[in-house]
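Listed below are the structures to be examined.
What follows is a pair of complexes built around subunit A, which joins subunit B in one and subunit C in the other.
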Partner chain A sequence: MSEFFHQYFDFHYMGEHFWEVLEAFLQNLLIFAVVAVLALTWGLILALLRQLPGKKFMPVRFFTIGYIDLFRAIPILIVILLISGGIPFLEFIPKDIRIPHWLGKPDPFWYGVAALMLVYGAFTAEVYRAGIEAVPGGQMEAARSLGMSHWQAMRHVVVPQAVTLIPAPMLNEMISLLKDSTLVSVIAFAESVLISRELLAQSFNSSALMLTGAFFILIILPLARVVDRLIARNQGRITRGSHIEVA
Partner chain B sequence: MAAEPMVKLEAIRKSFGQLEVLKGVDIEIAKGEVVCVLGPSGSGKSTLLRCVNLLEPPEEGDIFIEGNDICKGPGSGSGEQSWRLDFVRQRVGIVFQQFNLFPHKTALENVTLAQEKVLGRSRQEAREKATELLERVGLGDKVDQYPERLSGGQQQRVAIARALAMDPQVMLFDEVTSALDPELVKEVLDTMRELAEEGMTMIVVTHELGFAGEVADRVIFMDGGVIVEEGPPAEVLENPREDRTKQFLGLVLDR
Partner chain C sequence: MRKTRLTTLFAVFLLALAVLVVAGCGGGSSSNSEESTAGGGGGEPLSVGSDIPYPPFEQGKPGNYTGFDIELIEAIGERVGRKPEVQDTSFETIFRDVAQGKFDAVISAATITEEREQAVDFSNPYYLSEQAVLVKEGSDVKTLKDLEGKTVAAQQGTTGLELAKEELGGSEIRPYPEGPDAVNALKAGTVEGVVIDAPVAANAVEKSGGIEIAEKVPTEESYGIAVAQGDTELLEEINKGLKEVEDDGTYKKIYEKWFHLEPPKAIFTETHEAE
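The block that comes next holds the complex of A and B.
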């Protein structure tokens, strides 16, 4: 039993490598932050393109739906490998773009960011869409009847209401994104899982991986409670008319 | 020779899938006229109203607003189509059964939003106009309230002010009192009555026979997607010619 404990919970070993692992974990947070901003924007653009009305925009809708279906179906790991293993060799792309070293970050960081953005854009687009479709159709009709264009109605009437409906499901996507930031380890970006695996290979001790896991749990558990609270708040909003007090 | 009709519908047809909802409807409405459209549910009266501002574009027939054909303009390109939409929506206001106020905006903001975004009025100008209109519908003390905090009747009056803020030539009312508690109906009808007295051209789909009898210049009774009978309220409501009208009025008055 003490052997098991030593393998997974060697606190001395954890202490020795604490700062190294924490620093690598900050790289996961950085990937998360950059992708979150990009994917939330890209997802909103996709969701809006998907809602464009009329025959004229059928190709746009078609493309958007195809994109979303495709990137929800393909494993993220494959997208990461396809980008990192292909883009650098496409010589028609300027070198600064195919092998990016922006903001002092190495190219695997950016390949990972790109892959996660492409995939999470598709997932967040679906969350936005659920929000947009939950806004009653009368809102769009009222806005259009007042002379607003489709875009104006979306921007000033529909989307502001849609985003108040979706924080809980969106936060779930973000939790998932934070965890998936570890996938960038497969293309040799030094984030927490890669560092912990190196330590495991050196010492045959799993405690560094356990420490990494603990960091994720520490960040994500409170977020899960936030999701619960957001759901409860929305429930309260729905039942408010029927005089049920949600304390 | 009378002036150009404000609104003229010619042989309007509209289907939803297999169901033909409007089977050739002709109506002419003069400037300043108040027309009430009555009929059982499913008779096509709401669809007809929604055709007039192209929320439901008709499949056949023509709609003229001040003599301009808004169904078939001189061209048929997409720019042309959006020009016709702008033309209609800036002249025709609509008020809905379910109010459809913007819940994330205050009463005042509901009335200013389209003024600023569509008509390009300054914030100051839009606010003055909105305040004046909200006072006119009796809600001068509610300008900063969100719709959630207003009664149904108050919400509907905000909706009327919102439509009026665009300076429409014609106002459409789609069963605007049907979703209201009985004691709130009067305040909305009073607002509409004032509007009629000020000379607004109005097309009112309603079940309020009292209002129709008192305010309308003309009553149209629809059933099965066609106009069954039309004429001055005294004739249609007191002495209907058609059996179908008699039957409907009998059912409604029996309540």
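The block that comes next holds the complex of A and C.
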């Protein structure tokens, strides 16, 4: 029992390596921030392409649905390994793009960002779609009968209503994105799990991993409460006579 | 109508899944029982931890592991009448796990170091090792020092990584979870060198092509089989088995099979005091 606590909850050890682990954790936050912006944009584009009407756009819809299904089905780890190990071999791509060192970040960072964006783009697209499909069809019909084009109706009528419906599920995706940023450790990017495992290899003590876990909890728990609040607010909007109350 | 069809489909899917799971379990247990009857050595089976793959020391699929370490521990097990059962595990936790009794012994191309000896006891050395600097074919890098200031890969928790950190202060050093990932990064061109155990490097050169060994760095390292601290009975058994295997020529045979080289003479005289 004491061995267990010594191995995983050695607070003295955590204190000694606190800054080192925190610095590595900031790398996770950085991956998260970059990917969140990219994936939210990419997901919206995919969702809009998927909603295009008519026979003319069937290939686009078909492609988009295929993409979304594919990237929701492949484990992220495999996408990360494929991109980091595969892209550098594609010699027709200029070297600065194949092996990117943009903004002072090493290539594993960018491979990780690309892989997470591709996968989370597919997941966020589905959340957007749920929002878009939850807007009553009459809204689109009314907008079209006023003479708006499909794009105008989407831009000014449907999407603005859709995005108010989805913050809670979207935040859930973002929480899971933050946690999945640790997967980039497999291609040797120095984020918190990699650094913790380095410390484990040096000292045979796992406490750094628990410290990393604590950082994640510290960031994510408040977010989970925000999700609750958003759900309650949404309920309040559509249920007559209710009021916002969150524990 | 539509609903019933969907329900049927779902039921069929679940059934198929259940059949797969049951079949999987059945297969597992039958192969287990085969193994235990095949053991027949009288003594209890010896559970052995190893980080697989690390060719040519350990490689292969579950239930059918092979490699220098694996064949050696099997030969030793035969001499002392205990059939080894090898489990794949992660290198960075391997010494902790043997110390906690998750397995009886570890054979995983593990260098005997003072640090590790604070957690476990090591057998007599069964292998003398060198580190190799692995580069792309035709690279300007000729020695370890040439990698200064460049991007260098190594495997997490290994002596190669420590060596790179000591010798190459100005380089970006990337610790990959597995050796083959580091070699792959070299081939992809995202790193310019890999510092890794010489036999692993030689095997990678042979199997993959396009890469070469620039320099071998002697490190006075030797590999040992690790057991939990204070488990002197098992340690003596292993040392006795190892001695027999070395004396009757089995060691030489296994060594030549996996490294295509004669074993160094010193290995037959090296001994090691567990601390």
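Please note the rule applied: the second predicted complex is superposed on the first by the 240 of 247 C-alpha atoms of A that agree within 3 Å, B and C clash if a C-alpha of one lies under 4 Å from a C-alpha of the other, contacts with A are read in each partner's own complex, and residues count from 1 in each chain.
Keep in mind that, in the parts below, a contact is a pair of C-beta atoms (placed from the backbone, for glycine too) under 8 Å apart; a residue touches a chain by one contact, two chains touch by 3 or more.
As the structure is a prediction and not an experimental result, all values here were calculated from the model.
K.L.:
Does subunit B (first) or subunit C (second) touch A:Lys56, or do both, or does neither?
P.N.:
first
K.L.:
Could you say whether A:Ser185 touches subunit B, subunit C, both of them, or neither, answering first, second, both or neither?
P.N.:
It touches subunit C, and subunit B stays clear.
K.L.:
See if subunit A has more residues touched by subunit B or by subunit C, and give me that chain.
P.N.:
Touched residues of subunit A are more numerous for C.
K.L.:
Given the touch rule stated above, what does A:Asp10 touch, subunit B (first), subunit C (second), both, or neither?
P.N.:
In the superposition, A:Asp10 touches no partner, neither subunit B nor subunit C.
K.L.:
Tell me the contact category for A:Glu141 with respect to subunit B and subunit C: first, second, both or neither.
P.N.:
After superposition on chain A, A:Glu141 lies in contact with subunit B alone.
K.L.:
For A:Pro106, is the partner it touches subunit B (first), subunit C (second), both, or none of the two (neither)?
P.N.:
second
K.L.:
Between subunit B and subunit C, whom does A:Val157 touch in the aligned arrangement: first, second, both, or neither?
P.N.:
So A:Val157 only meets subunit B here.
K.L.:
Answer with first, second, both or neither: which of subunit B and subunit C does A:Pro88 touch in the superposed model?
P.N.:
Second partner only, subunit C.
K.L.:
What is the contact status of A:Leu200 with respect to subunit B (first) and subunit C (second): first, second, both, or neither?
P.N.:
second
K.L.:
For the complex, which residues does subunit A have touching subunit C?
P.N.:
3, 7, 81, 84-86, 88-89, 99, 106-108, 185-188, 194, 197-198, 200-202, 204, 206
K.L.:
For the complex, give me every residue of subunit A touching subunit B.
P.N.:
56, 136, 138-139, 141-149, 152, 156-157, 160-161, 164
K.L.:
Show which residues of subunit C lie in contact with subunit A when the two form their complex.
P.N.:
91-93, 95-96, 100, 115, 119, 151, 153, 156-157, 172, 174-177, 181-182, 184-185, 188-190
K.L.:
In their complex, what parts of subunit B are in touch with subunit A?
P.N.:
By the definition above, subunit B touches subunit A via 53, 55, 78, 82, 86, 89-90, 93-94, 96, 98, 100-104, 113-114, 117-119, 159, 162-163, 166.
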